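Input: structures, listed below.
Shared between the two complexes below is chain A, which has chain B as its partner in the first and chain C in the second.
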Partner chain A sequence: MNKRPFLALFVTPAVLAALASAAALAAILQYAFRAYVPGSLDPGGFSLSNFEALLRPLYAQVFVQTVWICLLTAFITLVVAYPLAFALVRTRNVALKSFLLITAVTPLFLGEVVRTYSWIIVLGNTGFINSILMGLGLVERPVQMMFTTFGVVVALVHVTLPVMVIMLAAALSHIDVDYEKAATSLGAGPVKAFLTVTLPLSMPGVVAGVSTAFAWTFSAFATPQMIGGGRVSMISTLVYQLGFASFNFPFAAALSITGIALTFAVLAMAKQAIRPLEKIGAH
Partner chain B sequence: MSSIPPDVASQTRPVGVQIDGVTKRFGDATALHEAWLKIGQGEFMTLLGPSGCGKTTLLNLIAGFLEADGGEIFVSGSLMTETPPYDREIGVVFQNYALFPHMSVAKNVGYGLRMRGVPKREIEQRVAEALALVKLAAFGDRKPRQLSGGQQQRVALARALVIRPKVLLLDEPFSALDKNLRGSMQVELKEIQRKLGVTTIFVTHDQSEALSMSDRIAVMSDGRIRQVGTPDEIYRRPLDPFVAAFVGDVNVLPARLERRLGDMATVALGEGRVQVRAETLDGLVPGAAVDLFVRPDAMRFADADGVLAGTVATHVYQGSHVDVLVDVPAARGGRVTVRVPGHEAPGRWPAGAHVSLDFAAGDAVAFASDAK
Partner chain C sequence: MRRRLIPARIGERILKVAGWSVVALIVAFIILPAVVVAISAFNDRAILTFPPQSWSLRWFRRAFTYRDFAVGFQNGLIITAFASSIALVVGAGFAFAIDRYSFRGKRALEAMLTSPLVIPHFTIGLGFLILAAQVHATRTFALVIVCHVVLVLPFVMRSVYVSLRNLDGRLELAAASLGARPGMALWTVTLPLLIPGLFSGWLFAAILSFNEFTASLFVTAQATQTLPVAMYNYVREYADPTLAALSVIYIVVTAGLLTLANQFLGLGKVLNVEHAR
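Entry: the complex of A and B
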C-alpha cells in the first residue's frame, strides 16, 4: 500500500504553479534573445543586441541605483525592525505585545498601492510633513521628498518592515534568555551581552531578513513608480516603461532576466559577506 | 577544611552570603516570603524543595536577575541591592548549561575573563587551568554541541569558576543527566567545591542529592524556608511535617500526646508509649492528637510485644535493601514500610505473616496532627 496516498493530490497544485511560472520565464528568456522590430509587437530573429544595450551608461546606472536603493532599504529596515522585533519577543506586557504586533504587521494587510498612496499624502509638497514644517516656520519652501530616492526608500522601508520584523522575531524567539543571563553573570553589561551573545546568535535571522528585504525591494514596482514618478528609476519601472510605453518587449525581457540574475548574485554575495559576523564575540 | 564538622564550620566561618528578610512577589502571588538565611564562606548550602517552592526565585535574587520587593542580600558583607548582576562576581551554572553555541569551549570558559579585560596570556593560562580542573583539557577547540551532556556540564562549571566568583550558584545542574552520570558528577562537583573552598548555593528538588552533597540544607515550600540544618539534622530531627515527609520516606502513625517533661514528651500509640522530643510540640496540651513520623529504616520487627501489629503485604526488592510493606490498620494509609538489609527479608517475614513492629526511642518525631 502507498504510504502517502494523498501525496500526488497535494503536490499537484504546486507542480502546476511551478510549470506555469517556468513556462513564463522560458518565454521571457527567449524574448530576451530576439531582435526588436520598431513598430511591431512581434520580435525579430536571434540577437544579442539587447544585452549589449544593457551596458550603455544609461541602463547600467539604473542597475547601480536599483541595487543601491535595495541595499539602503534593507539596511534601514533592519535597523528599524530589530528593536521592534526584540521588544515584541521579550516584552511580558501582553498589551504592549499586541500593540507592537499590530503596528508591525498591519501594513501587510494593506495593498502596496494603498500604502504607497498614503506616503504620497505624507511626503507631498502640501503633505503632512511639509505642512507641519512650514506651519512651524522651520522651512520657507516645501522640502522636496516626492520624486526623490529618499522618498522611495522611506516608502519601501515601510513596505518591507513587516516581513523583516516577523523574520527577526522568529530568530530572536529561539534564543534562550539564559544565554544573556549567563553573559551578565560573567561580567558583561547589557550592551556587551547583546553584542557578544544575542546579536551573533540572531545573525541567521538577520541574513534571512536582509536577503528577503533585498529581493522584496528589487521586485517592488508600485512604490518606485508612484513615489519616484519616473524620476527615480529602478529596474522594475524601467521594464514597465520599455515594455508598455515603447513596446520593446525583447529589451524589457533582457532587463528582467538580468535583474533576476543580479538578485541571485547579490544575495549570494551578501550571504558570504555576512558570514564572519556570525563569529562576533568569539575572538 | 573538610575536617571541620559542617555545623561548627558554619558558625566559625565568616558569612559568605546573608539573606535578610527577602520577599519577592509576582503579581498577587508571593514567590518568596521573608527568607532569612546565613551561608558561611566556603559552605555548600542546598536549597531543597518541590517545584514552585521559591528556591529558584531565591537563586535569581542572589544572582541579581530579579529584584527583591523587600529585604536585603549581602555577599561577603557588601549590600547587593544596588549592584547589577554583572558586578556581583557570582558564578552561575544554569539548568540547561547555557553555553554560548557560537563559541568554542575555550572561548566560553574565557568569556568572563575577556569581559574583565584580563590580559590575553593570563586568560589562556586560567582557561587551561579551569579546563584541567574539570578534566576537559583537550577539549578547548570543540564547540559545545560536539560535547556530551556531562561534558557540557563541566564546561559550564569551569566557565562559572574561572572568574573566581565570591559565590557559585547551581540551578538543578544535574537534572538533565542520566542517573549514573549524575552520581559521578555529584562526587566531582563536591570535590572541586572542597578544593576551591568556594561558597556554593545549590538548588535542587532531589532530596537524596541534597543529603549527599550539602554541608547544610534549607528546605523550602510555598515560598518559605521551613528548616535549615545539616543533612543529618534535616533527616533525623525535622521540625516540620513538610520537612519530615519531603526529605526521605516516612511512616505516619496517628497518636496522642500524653504528657510533657522538660525537653521530652510521652506519646500514646495504642497501648504502647513512645518518648519523643518536645521541641516540635509547642502549644499542644496533653490529650491532643499528634502524628508520629518514623523512617522506614528506623522501623524494626519485634519478637512479640512491639507497639504496632500488622500483616506482611509484599516486598519491594531494592538491591542493597528490601522494603517490606506491612498492612497496619493503626497507621495513616493503613500501611507501614519497614526497610531491612537485602539478604534477610523475604524468608523471615513472608507475605501474610503476622508481625509485630517497633522502633527505638529517639527515632520518632511527633507533630500536631493535621487530621480532624
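Entry: the complex of A and C
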C-alpha cells in the first residue's frame, strides 16, 4: 500500500506558490545588479553602482535612522505589550479574557492605512492631543508631533503591539504556574517570584517578540509615509519614492535586497540569543 | 526571613490594583485612536478639529457615494475572494502534508512559504511589480491575486496546522479499521473535523487580503486598486473626515467578525495563546 497517499496532490500547489515567491525575489535580485537608465523603465547592463550608491551619506543615514526607529519601536512595544499579554494569559474571567484578546488583536486586521489615519487625527496640530493641551492652557502653540520621529514611533508601537502581544502570550501560556507557586511557597513575594521565575522563563518569547517587531517595523510603509510626511524617511518610503517618483527600480531593488539581508541578520542574532535561554526553560 | 513593611496581603492587593491600572492604560492606548476617529467622523466641519462644534452624518454619505471607494471595495472583494480561497486550498494541503508526511525539500518549501512573514511587504510588492515588467505583463487582477496568495499563505498554513495537531488521530485509525480507504477516511472523518480550522484560516486570509496595503500599492493599477489604496490616495488629496467615517465602518465590521470568530472557533487556540484541551 502507498504509505503517502495524495502527497503529490497536496504538495504541488504549494510548490507552485513557492515558485511564485522565488520568482519575485529573483526578479529583485537581478534588478539590483543592473544599471539605471534615466528616462527608461528597462534597466541597463550588469553593474555594482547601486550598492556603491548605498554608501552615500544621504542613503546611509536613512539606513541608520531606520534601524534606530525599528529598535526603539521594538523595545517600547515590548514594555507596553508584556503587562497586557500577562493579564490576557493569567486572568480567569472568561469575558475579560475575550475582551483583552479582541482588543489586542483587532488592530492587526485593520490594516495600516486606517490605523495610521487615526493617529494623524490624534497627533495633528488641530488634533486630539493638541486640542486638549491647548484647551487646558498647558501650551500656547500646538506641539509638533506630526512629521517627527516621535510621532512615527508612537504610531508604529500601536501597529506592532498586536504581534508582540500574541508572541508573548504564546510564551507565557506555556509556562507552568506551579513554578511560581513553588517560589511563593518557599517565601518569595509575588514580585520576586515574577522576576526570578516567570520573567526568565518567558525570555524566549521576549526575544522572538522583539525580533519579529523589528521585522514588522522595518516592513511598515504607510505609517512612516503618512506621519513622517517625507521628513522622517525609512527604507520603505525611500524604496517607494525611488520606484514611483524617479522610476529608479534597480536602486530600489538594491535597497530592498540590503533590507532583507539586514532583517535576516537581526533574526539570526535573535535565534542565537534564544538558544541558551531555551535550555533554562526546558522541562 | 526579612520582616515585611506592609502585611503581605495588603501588598498583594496594592500590586493587583497597580497591575490592572497599567493594563487599563494600555487598553486605553490601543482604543484611543479608534475613539478619536469615531468622534471626528460625526464632525460636521470639513476641517478636523477637536472637539467638533456641530454634528452630522454627511461624511458617511460621502464615504458611501465616493466612486473610488465603491470601485476599490468591489476590486477588493474580487481579489480577496480569489486570493483567500486559493490560499486555503494551497495552505491546507501543504499543512496536511507537513503534519503527516516526510518528504524531500519539506523544510525548504516550508521556509519559502513562510518567508513573507519576515520579508517586508514593500519588497514583495516591488518583486511582483518587476516580475510583471520583465514578462511585459500589465498590472492585472491576476498579478494582485498571486501576490496576495503569497502574503496570506503563512496565516492559513498556521491555522490549519494547529487544528490538525489538535485532531484525535485515533478517529482516522478507527475509520481505517472499519474498512475505509485512505481517501474515504480523509473525506468523511478528517475533513469534517477540520472545518473550524479551515474556516478560520480562510477568514484570516480574507481579512488580511482585503486590508493589505503596502504590496497592493506596488502591484495595483488604477483599474485594479483596492480599498486601502483608494483610501491612501484620498488622504493625499483631501483633508475632510470622510476617511474617518470609513474607518469607523472598518473598525466595527472587523471587530464584529473577530468576535464572531472567537465565539465559534476560539481565537486563542488559533493564535496559540491558550492551550487546547
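By definition in this document, the second predicted complex is superposed on the first by the 269 of 283 C-alpha atoms of A that agree within 3 Å, B and C clash if a C-alpha of one lies under 4 Å from a C-alpha of the other, contacts with A are read in each partner's own complex, and residues count from 1 in each chain.
The rule we apply is simple: contacts are C-beta pairs under 8 Å (C-beta built on N, C-alpha and C of every residue); 3 or more make two chains touch, one makes a residue touch a chain.
No experiment lies behind these values; they were computed from the predicted model shown.
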item: Which of chain B and chain C A:262 touches, first, second, both or neither; value: neither
item: Chain B versus chain C as contact partner of A:197, first or second or both or neither; value: first
item: Touched partner set for A:239, first chain B, second chain C, both or neither; value: second
item: First, second, both or neither for A:182, with chain B first and chain C second; value: first
item: First, second, both or neither for A:88, with chain B first and chain C second; value: second
item: If touched residues of chain A are counted for chain B and for chain C, the larger one; value: C
item: Touching partner for A:72 - first (chain B), second (chain C), both, neither; value: neither
item: Which of chain B and chain C A:17 touches, first, second, both or neither; value: second
item: Where chain A meets both chain C and chain B, residue numbers; value: 187, 189
item: Touching residues (chain side chain A, partner chain C) in the complex; value: 4-7, 9-11, 13-18, 20-25, 27-28, 31, 41, 80-81, 83-85, 87-89, 97-98, 100-107, 109-115, 117-122, 124, 126-128, 130-132, 158, 161, 166, 169-170, 173-174, 187, 189-191, 212, 215, 218-219, 221-222, 226, 236, 239-240, 243, 249, 252-253, 256, 259-260, 263-264, 267
item: Complex interface listing, chain B residues touching chain A; value: 63-65, 84-92, 94, 96, 98-104, 107, 111-112, 115-116, 159-160, 163
item: Chain B contact footprint on chain A (complex, rising order); value: 176, 178-179, 181-189, 192-193, 196-197, 200-201, 278-279, 281-283
item: Chain A partner contacts - residues on chain C that touch it in the complex; value: 1, 4, 8, 11-12, 15, 19-20, 22-23, 26-27, 29-34, 36-37, 40, 47-51, 89-91, 93-94, 96-97, 100-101, 103, 109, 112-113, 115-124, 126-131, 133-134, 146-147, 149-150, 153, 182-183, 186, 204, 207-208, 211-214, 217-218, 228, 231-232, 235, 243-244, 246-247, 250-251, 254-255, 257-259, 262, 267-268, 271-275
